[in-house]
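By written order: A, B and C. Residues from 1 in each chain.
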Amino acid sequence: MTNTYSKRLVAKASSFWRSYSRNRGALFAFFFLVALILAALFANYIFPGDIEAPNLSNEMLPPSASAILGTDYLGRDQLALLVFGARTSLIVAFAAGGLLAVVGTMAGLMAGYFGGRADGLIMRIADVFLTIPILPLILVIVAFASPNLLNVMFAIGLTGWPVMARVVRSDSLALMKREFIEIERVMGASSARILFKHLLPNQLNSILVYASLSIPAVILTEASLEFLGLTPLSVSWGFMLNVSMSYWIRGTWWMSFFPGFAIFMTALSFYFVSEGLKEALNPKLKRRRESLAVQVAERKQ
Amino acid sequence: MLAIGAQLIQEARVLENLLEVENLCKYFQVKRTLTEMTKNAPRTVKAVDHVSFRVSRGETLGIVGESGCGKTTTTKLILRLLTPTSGRVLFEGYDIHEKLERSALSNIHREIQAVFQDPAGSLDPRMTVGEIVREPMDIHKTDNSASRDDTVRKMLDAVGLTAEQYNRYPHELSGGQQQRVAIARALTLRPKIVILDEPVSALDMSVRTQILNLLKDLQSEFDLTYLFVAHDLSVVRYMCDRIAVMYLGQIVEYCATQDLYKNPIHPYTKALLEAVPIPDPSQRRSSPSSLRGSMPSPIDVPTGCRFHTRCPYAVHDCEQNEPQLREITKGHFVSCHLAEKFVSRIPTS
Amino acid sequence: MHDLSVRFYLGAGVVNAVEHLSFNVRKGVSFGIVGESGSGKTVTALTIMGLLARPPGRVDSGAISYNGIDLLKLKDEEMRRIRGKSIAMVYQDPMTSLNPVLRVGFQIAETLMVHEKIPRHHAEVKAIELMESMGIPEAEKRAKEYPHQFSGGMRQRIMIAMALATNPDLLIADEPTTALDVITQSQILALLRELERKRNMTVILITHDLGIVAQVCEEVLVMYAGHGMERGSIREIFSNPKHPYTRGLLESTTRADRDIDRLRSIPGTIPDLINPPTGCRFQPRCPVAQVRCSTQEPPPFSDNADGYSKCWQSEHS
């Protein structure tokens, strides 16, 4: 039994990969992110030594053979900084984004499925969180606890989930009215089953879209926090951008361009990946991509 | 001795009547606007009002009526998608809306199944046909995985679908095929009764008859009982043994199919039958329906007999008192003050 | 209509909505077009009215002769003048065809103002008259109301009033009663019959319901998958159908007036219009199909002036 199950899984996975890779943008974005993640993971090996150590003789050098992306105001190699900075950005992106997505989806599903008072309660809580602005919240956290990565993630996740919850809730409400959900209840499906096997999969579109839109937002929020100097984490793209603004006048374009470009590329990649996922997971698009002739042959039977 | 005898008779009666609906009522409260509240506008929608009927094992009971008459709400009450305001729904003698223990509830979910109107809407678009038909078995964890697949293939075969369609998605099938999937799913756990709510209304004519014939065949093959809800009087005549006609939440006539079409008593039934266009040019109706006005809104239900505002025979009594459903001739129940006068001695068709 | 072919050129393929359709409608003789979904009946109506969505749709061949003019050759301007004035159309869903934010009386009057160029005041008076003649009670008061304040049957009467405002010669009604209950339906159909008589108008009624056609029309065209399969008088079609599809339809229709033990259904499903069957479109489902039916499309065979049957079986009758 496990044999057929695992076989089925493998078959599903490979057909999924095939569908996904049809979208070249998504494929490219996927590899870019994988490369980024690997680079971030093995940053220590790629750039041995303490990259944060100032090297004052090499301050603010434009891109050259020895420093491909130039050096920053402390003379440190920007490429190395970027790769290490990727760690921060990626961790925040995945963690905060994940937190946001999970909490928001769960809240939205519950609100939509149970309706009535549960719905009201969840939405009022969401409203409370919506009104909390991020920056003061961070300040509060910084005041009470240490300004570490974990707290930053928490803060961003907490302020972001309500919008996701709203999206999921409205989709859930619409789905609840559909007849196939009613039939599930007639057949005796448990709430958990309906929530996770029927409501959730049919909303993957919106969830993925919103999650993919929120990750760039998360990265930017984190960058702005760094930018505003609220949480001086070790190395991050936001911090690099922050610093670069003071030196802009001196024409050190490489100090702002490369971190900015990194943020842009990462955000864009997440977006493309989610588009690819959307297409690959949509059963309606699956068949259309096969050749017309094959379709006709199948239909004629 | 007598007590045992009475008990046996009672049990026999219970076994005979698979489903029994007793004085079922469902009222909805409607939100009123401020101006409506000052005008003391009504706020209760009496969607289902004191409806009673029985479905015997093996028969097909039809519920006929125009949209808004409460037939769909009645099915939802039977399927436990809504709870009644008052009255009972008895399945094999047990009140299904009472607090039930898990095994009894699970039993009900397996024994009472449904097929709805919209073929595509009743299928999860993200599941394949095979997964959809397997769903009831997965929910109730019957057998094991391999034999479940086996059952699925058998069901697909029974409803006229090919094994090749096992892996298809609903949107790849035609309306008729989608409805077949819905039927296969409903029958997977061998239910005792299937509630069919307008199962063919959304299908093309040439497919409609295929599905109706399929339902008939499956009924004998799987020993099923049907509750068939529709608005089309010709379909109901083809499929049902007994029929209940509903108007604004109440049953106005309830009898065997033959009696309904040959000796209709209630004026509403008669008006409906006159209005149905017959596909026979030699039977042309010269005058339009003799009914006045249009169907009142279920929020603002007329006093007395609900039909009196449109009835060509209404008398003063009809406006004052609500008629009760009573047996006029054997097995033929009508809710009308003037019922006796309408009993025709000569059958109409 | 002669040899009309309408196709929709979509990204996924070409939809052969209507192919080589020919039929004629005589003045004053109510005409019914019967067909299921995909039969092409609505596309035909839209083409007559010049309302076909031109980018994806294209009239690939044919001519529509109306009072001696070929409608397909007219410019948009000219077609617009005819449409609404001499040829009017009534649609299926009155709720979406009426403007929800305009008063009903005004909407009827608008037609008159546009086509007959009469001043607003006169038009509104005429509108009220029209509403009365459609059997709408308290017309003067109700003309000031909005569409949502009317029942389905009333709205349909308003639609008909709008269509008849300019006294058209031809009225095309596309499934006018599908959204209505049976009793209202019979009233609207009776209204249409009466109007036909009184105003000397020709009605083309499009429907999928054989019962409606039998009650209202004198001549019938049966369409299937974009083709006109059989055309004939109402009596011929119902008592002596020549085409196997027509026969199949009649045999599979449920009846409220008689007890039937078992209906005979047509097996199979409606074909895909992008890749229709070769030869006769009905052949995969036809009980009497021969070999040549799948290779050669039969021409319409007729044994009298207007009627025909597009079937090889009818070749020798």
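The rule we apply is simple: a contact is a pair of C-beta atoms (placed from the backbone, for glycine too) under 8 Å apart; a residue touches a chain by one contact, two chains touch by 3 or more.
Just so we're clear, the structure is a prediction, and the values are computed from it rather than from any experiment.
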Chain whose average C-alpha position is farthest from subunit A's own: C
Most centrally placed chain, judged by C-alpha centres: B
Distance between chain centroids, defined by C-alpha means - subunit A, subunit B (Å): 50
Whole-Å gap between the CA centroids of subunit B and subunit C: 33
Chain centre separation in whole Å, for subunit C relative to subunit A (CA means): 54
Interfacial residue positions of subunit B with respect to subunit C in the complex: 66-67, 174, 176-177, 204-210, 212-213, 216, 231-235, 237-238, 258, 261, 271-285, 287-289, 291, 294-295, 349
Subunit B contact footprint on subunit A (complex, rising order): 1, 4-5, 178-180, 182-190, 193, 198, 201-202, 283-284, 286-287, 301
Contacting residues of subunit C [partner subunit B, same complex]: 36-37, 151, 153-154, 181-187, 189-191, 208-215, 234-235, 238, 248-250, 252-260, 262-267, 269-270, 285
Partner subunit A, residues of subunit B touching it in the complex: 79-81, 105-106, 108-110, 112-114, 116-118, 121-126, 135-136, 139-140, 144-146, 162, 164, 169, 171-172, 182, 185
